[in-house]
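Each of the next two complexes has chain A plus one other chain: chain B in the first, chain C in the second.
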Partner chain A sequence: MRLIGFIIVCLTGAFLLYGTTELPDWGDPQSPASVHLSNHYIERAMEETQVPNLVTAVLADYRGFDTMFETAVIFCAGLACFLLLRDFRKEKERFYRHVPTGVILHFKDSKKKLPIGKEFQHMDKQWVPYDIIIQSVCRILIPFIQIYALYVVGHGDFSPGGGFQGGVIFGSSLILIAIAYDLKTLVTRIKEKVLGIFAAVGVLIYVGIGFICMLLGGNFLDYSKLAKIIPVDPGHIRALGMLGVEIGVGIAVMAVMAIIYINIVSEGKHDEGL
Partner chain B sequence: MDILVIILILFGLFLFFGGAVGILRMPDFYSRLHPAGKLDTLGIMTIVMGLAIYNLHHFSLGALLLSIKMFLIVFFVFLSSPTATHSIVDAGMRAGLRHWQKKKGKES
Partner chain C sequence: MTEILSLIVAKYNYWLYVILMMIGLYAMIAKNNLIKKLVGMNIFQTAIILFYVSIGYKKDATIPIIEGAHGGHGASGAAIHAADYINPLPHVLMLTAIVVSVATFGVAMALAVRVYQRYQTLEEDELRMRLSEK
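Right after this comes the complex of A and B.
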């Protein structure tokens, strides 16, 4: 069985390599991309889309269909991480730490619980003493990181940035919570279900905007048709449609980053980890 | 104003140079983090401050906003860089890395 798989992989690779011989060389000035496509984008993008940032215009408007499936790929990565790693078996033993004395309590009965607060703390195998410096600095920094992430998402159509970058920055702020405090803090603040719903909703916003454009009589992801339902300057409507799409991408990427981090670091148990 | 900007940027470059030499020359993990944490922080702060002041040459609201953003960068670097160094040192201590000691003669 393994041998067959190996042969199939080798054959596919060989065919792909064979296919690349037909492609134009790197930087070939005679290739179709350099002769027609780039010139068209550079010369006409401003008047066709009214978006000042050329990269966003190409990415979210001319090639919006491609970007939609990139978002779907990221969603699939989160889903695969969840399906492969998630472990729903309950742990039987619990450890608590009495904060004033530092005594560690070991519970063998999984039903008994202690209230977590000033007196008792969760504890696990990878427990490290809480560091007040890192915690307080992260408390100050995390809101600013999140505001900056929203700024990057919101300014995607005017300046460098966009949904993917903003989503990653927002996800990294969530990861910073897990590093500065512990994984339980993150998991209790943002539930696993919420993250999963966010990841799906992000992709849904993207696809939904495409479908609304279709319902209004245009092509899939033809943002100019949105002007029928949103009363704004028709020149600006494409930028607005892209902003909606970028928000969807940002939500999906943020949720998937957090899902991947939580699942990998706790080996799917969601209770202890880095 | 120009003189102040030049002094600040040259001072920042000098600190960066010292930091680079320190990272290359220091004997072990902890002492290398010492120049990396302190000198780079102060170097970045003085250079960005110099640039922010230079930016105010043509005084307008936009330039002022840009300079305020630069000072915000200085503020965040001032917060986060020493914290990162602190946590790296902390991790090294927890992992049990011994600090460097001067060798006594030929034994050991």
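Right after this comes the complex of A and C.
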């Protein structure tokens, strides 16, 4: 099998390398990819959309329909993870740590519960050391990561950034909570239901903006028609429409990242993991 | 010989992507462990992403964000030349491709977890044995 695989790979590689002789040189400004459509985007996007970041302009306006379905793909991935893995059976055993003394309590009956707070703490079955340095550093860092994520979403029209990137950064801050503390801390702070609703609301915001444009008499996702209901400079309305769409993308991506992580590490049980 | 060398130097980026892509393809074909196959798939996707981004590159051009336009009222006066900015289109395509690859990787990991829950293994030959036992 290895030998056959190696031969197939060498043959494919040779064919691809033979094909590259026809491709344009590295950094050639006259390459076919940069002479037709992209010149229009670069020269005209600024006056058509008033968005300096051309990537955002193309992503959310010229190719807005495409990006809508990309967001739907992300939503479907979260849904697939949930449907494949979610397991609603409750775990019988519970472990608690008495914080002042470090004593570990083992409960075999799932009905008995201890109040979680300063005195008692949840613990995973696989013992995770109680590390005050990691927890303190993460507690300080996480708000800054989240504010940075909001900046990346909100400033995506003007600087590198946008909904996808900001959403991933925000989602990674949620994952950092789960790694630094434990999964239960994340799941009790953000309920599974809330994450599911966020993922759906993100897609709904995107589609909703498209339909509002249709109701106002334009095409689907034609942001210039939004000027009828939002009293701003009509030249700037496309940038605002893109911002709304990017916020929807960011919410959906953030929620789906957290859903995928929680379901995979806890094998769908949502009680303990990594 | 020098001809071939100059050909390689002019298009060395493509050589790198082809090599990277073939590493991923080999891992997908020959590796026995499902997780290693997934890692191979990710390497393959990364090679394609690098390939697209390199197509958008132009010599002596800057990132596709219009300079001096942050006042909100357009680059007044100064005309925008397409040669000064790299091609934004491959970046847009790859931006969505990266996120979609993360999502597909998540689904693939979920499937791997299910396979492991049911058969207690991720090795392909052992899986085939377990399946033929039934």
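As a convention for this text, the second predicted complex is superposed on the first by the 235 of 274 C-alpha atoms of A that agree within 3 Å, B and C clash if a C-alpha of one lies under 4 Å from a C-alpha of the other, contacts with A are read in each partner's own complex, and residues count from 1 in each chain.
Rule of thumb we're sticking to: a residue touches a chain if its C-beta (ideal position, glycine included) is under 8 Å from a C-beta of that chain, and two chains touch if they have at least 3 such contacts.
Everything numeric in this text was worked out from a predicted model, so none of it was measured.
With both complexes overlaid on chain A, does A:219 touch chain B (first), chain C (second), both or neither?
In the superposition, A:219 touches no partner, neither chain B nor chain C.
So, A:144: does it touch chain B (first), chain C (second), both, or neither?
First partner only.
Return the chain, chain B or chain C, that is in touch with more residues of chain A.
If we count touched residues of chain A for both partners, the winner is C.
A:2 in the overlay: touching chain B, chain C, both, or neither? Say first, second, both or neither.
A:2: touches chain C, not chain B.
For A:134, using the defined touch cut-off, is the partner it touches chain B, chain C, both, or neither? Pick first, second, both or neither.
Touch status of A:134: first partner only.
If we overlay the two complexes on their shared chain A, which of chain B and chain C does A:185 touch? Say first, second, both or neither.
neither
Flag every residue of chain B that touches chain A in the complex, lowest number first.
So the residues of chain B touching chain A come out as 76, 79-80, 83, 86-87, 90, 94.
Sort out for me which residues of chain A touch chain C in the complex.
1-2, 4-6, 8-10, 12-13, 16-17, 20-21, 23-29, 31, 33-34, 37-39, 41-43, 46-47, 50, 52-55, 57-59, 63, 66-67, 70, 73-74, 77-78, 80-81, 84-85, 158-160, 162, 164-165, 168, 235-236, 253, 256-257, 260, 263-264, 267
Can you name the residues of chain C that touch chain A in the complex?
The contact residues of chain C facing chain A are 7, 10-15, 18-19, 21-22, 25-26, 29-30, 54-59, 61, 63-66, 69-70, 72-75, 80-83, 85, 87-92, 95-96, 98-100, 102-104, 106-107, 109-111, 113-114, 117.
Over in the complex, which chain A residues touch chain B? Could you list them?
128, 131, 133-134, 137, 140-141, 144
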